[in-house]
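Report on the structure given below.
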Amino acid sequence: MAGNFFAAVGASVLNLCAEVGGILTLLFRVLICLLPPRFDLDETWRNLHKMGVRSVPIIVLTAFFTGGIMVIQAAVFVKKFGATSLVGWGAGYAVFREIGPMLLGLMFSGRVGSNNTAELGTMVVTEQIDGLRALSIDPVRYLIVPRVLSMIVMLFLLTILGDVVAIVGAALFGTVLADVSLASFWVSFSQNVHVADVTHGLIKAAVFGFIVALTSCHFGITVKGGAVGVGRAVNNAVVAAALGIVLSDYLLTYALP
Amino acid sequence: MIHCDGLCLQLTHRPVLADVTWHIEAGSVWGIIGPPASGKSVLAKTLCGLFTPRQGRLIVDGVDLPGLPEPDRVRVRRKMGMLFQNNALFDFLRVLENVAFPLARQNPKMPQDELVARAQERLRAVGLSGSEEKWPSELSGGMKKRVGIARATICNAPVLIYDEPTAGLDPVTTSKIYDLLTGLRQKHASTVIAISSDIPALRHFVDHILFLHQGRIRYCGPESGLEACEDPVVYQFVRGQTEGPL
Amino acid sequence: MISNFFASVGAFVLGMVEAFFQALSIAGRTFRGVFHPKGRARGEVLHQMYQIGNRSLLFVTVTLGALGMVLVFQVCLQINKITGDQSQVGPEFIRGMVHAFVPILTAMMLATRVGAGIAAEIGSMTVTEQVDALRMTGVDPVDYLIVPRFLASMIMTLVLGIYATVIVVLAGALMAHTAFDVNYNVFFVFEKITWGDLGVGLTKLVVHGGAIPIVSGYCGLSTTGGSEGVGTATTRAVINSSLTVIILDFVISAIGLMTVQSGT
């Protein structure tokens, strides 16, 4: 029985190493295509549009309610300490530095990352990737690099949009739920939130975009087994991206000012 | 036994069946043929009540099927056994449990050993004794089809529907499957509807043919009358010609 | 351009509303199914509990441990700049975790992991006609597939949430101690937590746990189209479950604020 347990743990660890190795290999191949930069511009443009424009609604909705949740948490403090002047600062600080990049990164991973894995996975199952290779087109250069670049750029831009919407949402819910006037919100916000807070969050967003891109592409390309395999790959990709986002958030929080 | 009148069905806003009128007598053996994406599988599923037509009437054994809400359709479906195009074996159950499943659902009080015995008898009849403990993913294409047939016939339903019983199988296995289906049919005198793209083998098995093209019936009658049909689509299809409306 | 922006958000919201009502009907059937078990597979709920719980354990531990440390770090950093008094951090942190952060973060993590899994499983079954085969034998797919996962997810989300709270508090305490020299005794102060806080936190966990399988199960059952369809369904499940969790969290927080937590 103990032997089975250790075997299972060992198998999981080996599995994990295989996946991590696969992701690093993909990273390496992507970097090669970037120096010197030779990749398909049309594909990049198409991906920018697909990932960016079609994610806007979900990002806006998420950010709006995130702002609301932040304010509700702050409202408890406000009622206790009467600290209405801190709400603007608190919301801005938390949203820009942590909650914004993190939640938007997770939603992006859910929307764009899993879509990407599903697309690539279906291409593998229907042998389109083999078809590309048969035409001596490098799938990494043609498919992967444009997606990686698009996801980094798009999550960065979408986080900016999301931050704005979250703050607006927070301000609105602040007036409704916590009796914080818009004026005092704005004053507290503008006086205490610095550019450094915003850049802290945006750097994180770019890194998260990179992580979502790598994980989703890796699991998409390595799909085995038809419809069930695609579903499993999307599942794994989303979990891996979430882990990556959380762990890199941890590291970046220390590393950045 | 089954009567359709002017059935029209749409899926995601596309018309799939148009004005299907068809009368199936009890005990008759029908084959549904036609080019791909003609609505053959959709028609079969509509007869089981898995799809609801927008227009038209469908009477199964005296019951107006589309008029029933979903939970009540089970009473009618108990009289039907279906082999799905992709077998649709439950991949979370072993072969024996798959075959016994419909019987267990219909007879919740049947004792376990009787369920097992009936399922084993079915597997013997399709030539798969010894595969009881396997998972569907471990079976070959032909084996999966046979398990599907065992599952479809375990309740001795008076109406049997086989959707592509021999698709993707070699000629030898195809003959064996049709022998099996003929044997089953003779034993229980059931009404049988079979969909197939393997026209010659199918024609030996059935008495009547229904030809569907783009959701419309082009021919509905005895199997022997197929050559004489003058409809250009049927004419081209039956002879396998490359020139014509298809 | 601006009108396009609002139009796309509006269209999206309308699409969600329509899906919402369909999911609501599945929710209704699920609740009915809980109280009228019609020969569901024995032990299926336990099996699902194992799938959800065991396989998410490591994931939840790692993510919430890391997040706990990050949050404490950020808060202590700011407190240092303002008052330098770290003694309040512990109790307020623990309180905030219980009624706010742990429920939503656990639920978001589970929405991705469990939601994707459920949609992938049920979606593949739909696409390979297994759901049709179930209907042929008189089984209601909602009853057979979704109800066990619904029950299992509510229980396991609750359990995982409690477990996650422990992890997060321990991780946060570790961070406060090593980076800011906050004494463990000062950190682990539990008196500030009220019954209202506990109630809100537990309610959130149970509600989120129930919502995820309903939404993902709905996405799985409405899959069309082969392997591509399964991928799409899994994607939709993750997004829709996450969004549902966020909105439900917001609603419960607002209700909690106005009823149980005012003036504490």
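Here the chain labels run A, B and C in written order, and each chain numbers its own residues starting at 1.
We adopt the following convention: contacts are C-beta pairs under 8 Å (C-beta built on N, C-alpha and C of every residue); 3 or more make two chains touch, one makes a residue touch a chain.
All values derive from a computational prediction rather than experimental measurement.
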item	value
Farthest-lying chain, centroid of Cα atoms versus that of subunit B	A
Geometric centre: closest chain by C-alpha means	C
Computed distance of Cα centres, subunit C from subunit A, in Å	18
Inter-chain centre distance, subunit A versus subunit B - centres from mean C-alpha coordinates, in Å	47
Distance from the mean Cα position of subunit C to that of subunit B, given in whole angstrom	43
Residues of subunit C engaged with two or more neighbouring chains	128
List of subunit B residues in touch with subunit C within their complex	12, 45, 48, 50, 70-71, 74, 77-78, 80, 82, 84-86, 88-91, 101-102, 105-106, 108
Subunit A contact footprint on subunit C (complex, rising order)	5, 8-9, 11-13, 59, 62-63, 66-67, 69-71, 73-74, 78, 96, 100, 104, 108-109, 111-113, 116-117, 119-121, 123-124, 127-128, 226-235, 238-239, 242-243, 246-247, 249-250, 253-254, 257-258, 261-264
Of all residues in subunit A, those that touch subunit C in their complex	53, 56-58, 60-62, 65-66, 68-69, 72-73, 75-76, 79-80, 93-94, 97-98, 103, 106-107, 109-111, 114-115, 117-119, 121-122, 125-126, 177, 226-232, 234-235, 238-239, 242-243, 246-247, 249-250, 253-254
Residue numbers on subunit C that touch subunit B, as the complex places them	39, 125, 128-130, 132-140, 224
